[in-house]
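These notes are about the structure you will find just below.
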Amino acid sequence: MLKEMAKFGKKLVESGLISSHFGNISVRVSNKMIITKRGAMLDEISDGGVIEIDLETPKSFDMKASIEAIVHREIYRSTSALAVIHAHPPYAVAESLMVKGKSIKPMDCEGLYFLHEIPIVEGEAGSKQLAECVVGALQDRKGVIVRGHGTFAIGKTLEEAYIVTSMIEHSCKVKYLCSMR
Amino acid sequence: MLKEMAKFGKKLVESGLISSHFGNISVRVSNKMIITKRGAMLDEISDGGVIEIDLETPKSFDMKASIEAIVHREIYRSTSALAVIHAHPPYAVAESLMVKGKSIKPMDCEGLYFLHEIPIVEGEAGSKQLAECVVGALQDRKGVIVRGHGTFAIGKTLEEAYIVTSMIEHSCKVKYLCSMR
Amino acid sequence: MLKEMAKFGKKLVESGLISSHFGNISVRVSNKMIITKRGAMLDEISDGGVIEIDLETPKSFDMKASIEAIVHREIYRSTSALAVIHAHPPYAVAESLMVKGKSIKPMDCEGLYFLHEIPIVEGEAGSKQLAECVVGALQDRKGVIVRGHGTFAIGKTLEEAYIVTSMIEHSCKVKYLCSMR
Amino acid sequence: MLKEMAKFGKKLVESGLISSHFGNISVRVSNKMIITKRGAMLDEISDGGVIEIDLETPKSFDMKASIEAIVHREIYRSTSALAVIHAHPPYAVAESLMVKGKSIKPMDCEGLYFLHEIPIVEGEAGSKQLAECVVGALQDRKGVIVRGHGTFAIGKTLEEAYIVTSMIEHSCKVKYLCSMR
C-alpha cells in the first residue's frame, strides 16, 4: 500500500500536478485511512511519512496528519472511494479563480466524455464546511476543484484518482489556452 | 518489440505529450498488430499491458484493447505504416479547437519543411467514421490531429512516429505562442 | 550536509525553478556558511562544487564563491536562517517585472495563507545594496523576489527554503495565468 | 568526449530545449569535429550516433552527418569555439518570429548582463548563407537565434554552450510572458 502511495506521489510531482509539499494522498483500508503526514514531500513518501487514522472515533485529528485529513475522512465516510488524491494543479487553480460559475465544462473530447463537467466548490482549507461541499460534489462526480486551492479526486485505486486528477488539469489547460485567443 | 513500446511510452509521458493513460501505441508484426490495452499506463508498459489483434478477421474487438484499436487497425490496413502513436498533446489539441479550417500550417522551419501542413479531422473516439477520416488524412501525411482530441502519427518505426508527434506539438506550441501577441 | 545540498539542487533544476547554473544554495554551519561555487551546476553538486566561508572575517570574497555570496552572508548575519536558496523561477521573474508596486499578493489559497504577500526588492546582483534590501524584506517574510532577477528564500532547513521557493513560483504562475484574461 | 556529449544531449532534452531529434551538438578535437549524426536522438547518444569530420578537406559532407554540419564546421573555422550546441527552444523560436528587428534585448538581469542582446539571423537550414550569418553573429556573441528555427551557442566546453542555450531560452520566456500583458 505504501509502495502504491510512494509511486503515485512521485508521479504527481514529476508531472507538475503538485509542487513539493502541497497536496496529500490517502487510501482506505477497512475502517481506517492511511494519509500522508503534514508537510510530507510527496515524491519521497516512506514509512515515516504516513499516518493511520480511524474513520469513526476521532473527534480531533492527530496534528501530524495533513490539514486536509478531515476532507479525506468525510469522503471515505460518504462515498465508496478507496483512494483520494488532493493536488494543486496550476491550470485547474487558475481556471477556478477566473470562472464565475459553479463548474467548468471541458472543451476536449476526453474531458467532456469522462468528466462531463468539473464542479467547483468553496471553503477554507481543513474546514468542516469544505469537507461537506467536497463530499456533496463527489456524489456524482469523480473529481472536484476547490476554488483557488486545488483538486480532490477519488477512485477505487490511487491509479484511478491519479487519472481523474491529470484529466482535470489537461481539460483546464486546453480550456485556458483556448480562452486566450 | 515490447521493449521499444515501453521505451517510447515512457518518452511520451516524460515529454508531456501524453498524461497518464490517455493515448495508445501499436506496432505491426506481419498480419497482426500489438496494441496497448484499454487504460494502460504508457510509462510502464509490460507484457500484460498489451494485446495482439489480427488485422483481418476480427469484426468486433476484444474489450481489453484500447478503444482506438479500430483506428490503428484501419491505418495498418490502408497505409504502409508499421507503427502508430496516438497522443493528446495540449497545444495541438488547443490549436485544433481554435482553428476553423481543416489544417494547421506550421510557422517554424522544421514543421514547415517536414510536415508542410497538419491536417485536422473530426469524428467520435473509436468510431468507424473517425478511422476513415484519419486514414484518409494519412495517405499523404505522417501525422494528423483529431479536433479537440489528439494526434495520430505513423512511421516505419515507433521512433519515426514519435518524432512526428513531437514535431506536431512543437509546431503547434510555437504557432500558439505567436498567435497571442 | 553536502548530500542535502545535492538533493535540493537537483530538485530545483528538475522542477524548473532554476535552469542550469543560475542560482545558488547555502547552509549555515556554526559561524560559517557552505555555498555553491560560481558557475556550479546545481543538479550535480559535489564535494568540489562548494566552498566554505567564514561569516565574520572576510572583507572580500574568494572569487570561487557565487557572486551572490554577499547576500547569503548578510542573511545569515541578520536573520535566524540556517539555509538559503536563490533561484530564477520564470513566472516570479516575469511578474516582478510587470508589477509596479513593492509586493505581489497571491491569489491562490496557500500562497495567501503561507506567504501573505511576496515582497519585491531591487539592486544589482552581488551588490551590498541588494544584500541590505533582501535582508530587510526577510525580517518578516520567508521569501523575496529581486525584480527581474530571481528569488531568495530562507528556512531552518533547505527543505523549508525549497518549499518557500516553489510556493512563490506557484503563486506567481497562478496570478500570471489569471491576469491574462 | 562522447560521455560529455551524451550528458549534455540528455540535459537538453530533459530541460525542454530540444524535443526528440531536433538539434545537434558537436565538439572540436584538434582539426576535426565530432558531431551527432542526422536524426540521432540526443538523449541517447552513443558511439554509433556520432561522426568525425575533418574541418579542412571535405567539400561535401558525409550524408550521415547532421544537416547542420556545415554551420558547425564554419563556426569552428572562424571562431575560437571548441563546442557547439544547436537547439530548438520554443520561446526563443516564437520570439524570433514575432520580433521584426535583428536582435532581442533581454529584460531579466542575467540575460542582460551575460548576453547583452541576442542576435537574430536568417537562412535556410544547412545552407552556406546560414552558416555565414551565424558565424558573423558569433564574432562578438556566444549565442544566436535563427529566425523561426532555433539557436546556435558556442563555448570552450559543451557546458558553456549549454549555459548560453538555456540562458537564451530563459530570457526569451521571461520577455514573452511580460509582452503578453
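Labels A, B, C and D are assigned to the chains in the order they are written; within every chain, residues are numbered from 1.
One rule holds for everything that comes next: a residue touches a chain if its C-beta (ideal position, glycine included) is under 8 Å from a C-beta of that chain, and two chains touch if they have at least 3 such contacts.
Owing to the predicted nature of the structure, the values given are computational and were not obtained by experimental measurement.
Hopping across touching chains, the smallest step count from chain C to chain D is 1.
Distance from chain D peaks, on a Cα-centroid basis, for A.
Residue numbering at the chain A/chain B interface overlaps only partly, since under half of the positions present are found in both copies.
We define each chain's centre as the mean of its Cα atoms; on that basis chain B and chain C are separated by 42 Å.
Averaged C-alpha coordinates put the centre of chain B at 30 Å from the centre of chain D. Residue positions of chain B touching 2 or more other chains, listed in rising order: 180.
Viewed as a network of touching protein chains, the structure reduces to one closed ring of chains, two contacts apiece. Across the assembly, chains come into contact as A-B, A-C, B-D, C-D.
Residues of chain D touching chain B in their complex: 13, 19-22, 41, 88, 90-91, 93-94, 97-98, 125, 146, 148-149, 176, 179-180.
Contact residues on chain C toward chain A in their complex (touch as defined above): 11, 15, 107-110, 113, 159, 162-163, 166-167, 169-170, 173-174, 177-178, 180-181.
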